[in-house]
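Right after this note come the structures.
Both complexes shown next keep chain A, but they swap its partner, so chain B is in the first and chain C is in the second.
For the complex of A and B:
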């Protein structure tokens, strides 16, 4: 039926850039256009011979791993508090924490830039990027973890407490295993967001560029573009693998909580 | 329990927003920062026509992006919610969200490759004989920005609408048809009004962040597709005029917030009248 045809056409629209990426990454020409000229893996070899890129990738991995850990920890606090406790101004407080989800990223970038450079007179480094990335990743962590915490049956924890466990051991032995798939999913999603984030990183990165900032620099040089396509191909494959794991974790979490699957991440 | 994320948000979100507001009332002459409060930056905004042009263009582009994204997204959300078997829904949502998570810069760049003079779209259409010469209105202008951003924000529009559609009690639709409404009228008078909260959320979540994108205008927008965020970036990083950049950021934020609030208010009013 026509709606299904539209859905397929829409998926083609969504995937068009991603399908083109490997075509140009393996194309033996410096010009990114059709017709394709021949097969080569040379652009991937070029990537392995670029030390500046390796430094940027390492820097980005460092930032993304720490961002994932911090934003998931903050996400656990907020999701747990939101699901379990009542406190004054609950909606307002949780609302403020979720604001970065709709805030234009440039506003986050420039406002932190002003504070760090102009007011505090600190220098920019990977840590300023991490600070900002944690801010924008926390809402995503909360959205994922909310599912895990709100679906948890409170009587399981009560039972553990009644049977003589301390609050900490209850959390470790009962709560944590139940929400673990959500935590892993949140770690992976924050990692992916941070690794790919450019708009904020461009303002806050110090002397060592992150990978997207490095890619941005390359986009100005036409002869570097095929290597960018090769790098993009690797990134797409890596993120699809990470996201698939995250999605499988999310489903396993729902299954543990005994719920029906209702939708995606957000 | 909630205090660590709350304090984090206060320190790194609320305080910097306050700082940028304060900053917009200061001035900077090369490296010396003058901390006397003044409205000079806002005066400059009014007196220099370029800023107004950029802001107006950004708001129009953001509105166009929102319209295109939401109109294209609605049928998809409807399809997944009403025509896909329950056990396959999350697979569809997963397929829809994947492109959104992958390499933003490279994706935007590839739209340049698709839409260009010798690009994929033009060579394809020429090859099929549908056009005689390459289309030029699709790259280096506002249209290219709209197409690229509609692609980038697609899942942000689809997911809220999908959630709203999922909440609709299917028996209401049967009731509508039992009472003699056609399928189209049932959609118009039952489904659409009930989906409105999702549509409103989709509009806000696309419209507000769009104003802050400077990558897409820079890569595919050409000189007439640049937006206010490009000017904010230039003020901060090239002209070294952070206070003017701060003022522009405040103006942009206030403009989108006012428009968003008016939109929500109109929506409430319109819905109340209908009931």
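For the complex of A and C:
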């Protein structure tokens, strides 16, 4: 009984703030407080009429898509190397690649700012954000793709070679289709991470803010707060959809390889 | 007989580990050949060296008259049935079987489809073409793997413990079927197995391997009746070893066997060479006969005591102790009509024939 109470309290603690988002996004008042004063979709309409927001969203999508592609490509290389080849200090190298997973983002942000601006003397742009996001997303890609590559029976590739295919066509015809669910899962998760990442983007973004940075900028204007709530609602729904697809893909990959689920990110 | 595979002085090292030690081997065209040995003896490494998945550290691998040094697996005239079967899970049965035909641009789509049907027919999977890979049983996966390898008409088919994942009944069925298939297609099969019975049943010839070395290459009967050393004798079936002393004779050796007495054996009963002085005499359980109720014997008889008795239904296995022999001797008797079964402690009169003996170095 007490366990059930604990579970309920825990879920409220976890999700109540998120449920407040749609509540106030549809509330017909600029003041974020109870009691609610009426239903409106006006805040969503306001979003569609804010060109600065559109630019930020476009910028964020650009960064997120490229980040997803680059980190997944790097993830494929690392996961395949880890699963298939033996090389000196393999465990150490693979371990170090995963470190950004636990590095505080503020440290990553500050040090990248120093490197980019002070040492390399580059100007800040979407590309610097992409580089930083690839850094933090690659460990996630590797973690997801490791599962996909390691679960694959090595004799499948050997069988393709044995049946006359070259190493490259084997990769294309056998390996790639079998790890494809993992690749899609990795693309979606790094896309999501990049899309709502704030701290690093805040440090490294140039003249064009990303969406999280733009949202943060809005907070200085209290009357904009309900519109932020509306934007947040859209982001939560989109994130849930994307991560669900990613998880379904991961499970489908396991099923395709005929393996048992050993737990994933979700 | 034309050799299709010739290995000369093949060595394989993994770092410090010496996996194949100076392997010389000739395998003939159309032969069902088995590589037999305990796990870790190098038999799979040898198979993979023939397939091209491993490169010999030293020595020459000749296949169909061509040196295979530096030739990758996809360019070798061999195909393999993997232990895990390696059925492509994202393709259906027909697509799996047709996989090796992808690069055959000389064949029309229809010709390929006909070949697939023919191959499925051959392994008894008519009408399974559209079946998904994960919807197959173990035996069916095995057949798909066979069809997929045989469709390319390789010079040599390599089978890496293909039956070890099947249950006993299915295994026995597949053993018969593999044998039939090999006769039908007439190509060389090389089977890796750790199951001596499987090797004996299926093979024309067997190579027994220990610690990366080939200990003996022979046909099943020779291997069973004339193993070259105690290790081989012990691995193939059951053999009793009795301490003995040996002296050279005109045509072989005279042995004085502990518990059994004297015997003269021919040189061909010393396949590992004729020892002098201390020797070990081997005899298989079924080569001895218990004599019941004063039954007379024309040959030699040894007298012992039944130490243990195992009743198997069709057979009874006895462990019989003899004076001067530390290990009890195992012998087996068919349970024929009217034949009694001895109990523990009973005296055992054991008739034996010197022709059944094999003499080894001690």
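Of note:
By definition in this document, the second predicted complex is superposed on the first by the 261 of 266 C-alpha atoms of A that agree within 3 Å, B and C clash if a C-alpha of one lies under 4 Å from a C-alpha of the other, contacts with A are read in each partner's own complex, and residues count from 1 in each chain.
Assume a residue touches a chain if its C-beta (ideal position, glycine included) is under 8 Å from a C-beta of that chain, and two chains touch if they have at least 3 such contacts.
A quick note: this is a predicted structure, and the numbers were derived from the prediction, not measured.
Room for both chain B and chain C is found when the two structures are superposed via chain A, with no clash between them.
After superposing the two complexes on chain A, the angle subtended at the C-alpha centre of chain A by the centres of chain B and chain C comes to 100 degrees, rounded to the nearest 10. Once the two complexes are laid over each other on the shared chain, residue contacts for A:48 go to neither chain B nor chain C. In the superposition on chain A, A:10 contacts chain B only, with no contact to chain C. In the superposition on chain A, A:223 makes contact with neither chain B nor chain C. More chain A residues lie in contact with B than with the other chain of the pair chain B and chain C.
Of the two partner chains, chain C is the only one that A:174 touches; chain B does not reach it. In the superposition on chain A, A:159 makes contact with chain C only, not with chain B.
With chain A used as the common frame, chain B approaches chain C to a shortest CA-CA distance of 19 Å. Comparing the two interfaces of chain A, the one with chain B and the one with chain C have no residue in common.
Touching chain C in their complex are the following residues of chain A: 153, 155-156, 158-166, 173-174, 177-178, 256-258. Chain A makes touch with chain B in their complex at residues 1, 3-4, 6-7, 10-11, 13-18, 20-21, 24, 32-34, 73-75, 77-78, 80-82, 84-85, 87, 90, 93-94, 96-97, 99-108, 110-115, 118-119, 131-132, 134-135, 138, 142, 189, 192-193, 196-199, 202-203, 212, 215-216, 219, 228-229, 231-232, 235-236, 239-240, 243, 247, 251, 260-266.
For chain C in complex with chain A, the touching residues are 51, 53, 72-74, 78-80, 82-84, 86, 88-90, 99-100, 102-103, 134, 148-149, 152.
On the side of chain B, the complex with chain A involves touching residues 1-6, 8-10, 12-17, 19-20, 23, 33, 72, 75-76, 78-80, 83, 86-87, 89-90, 93-99, 101-107, 109-111, 113-114, 116, 118-120, 123, 151, 154-155, 159, 162-163, 166, 204-205, 208-215, 219, 229, 232-233, 236-237, 242, 245-246, 249, 252-253, 256.
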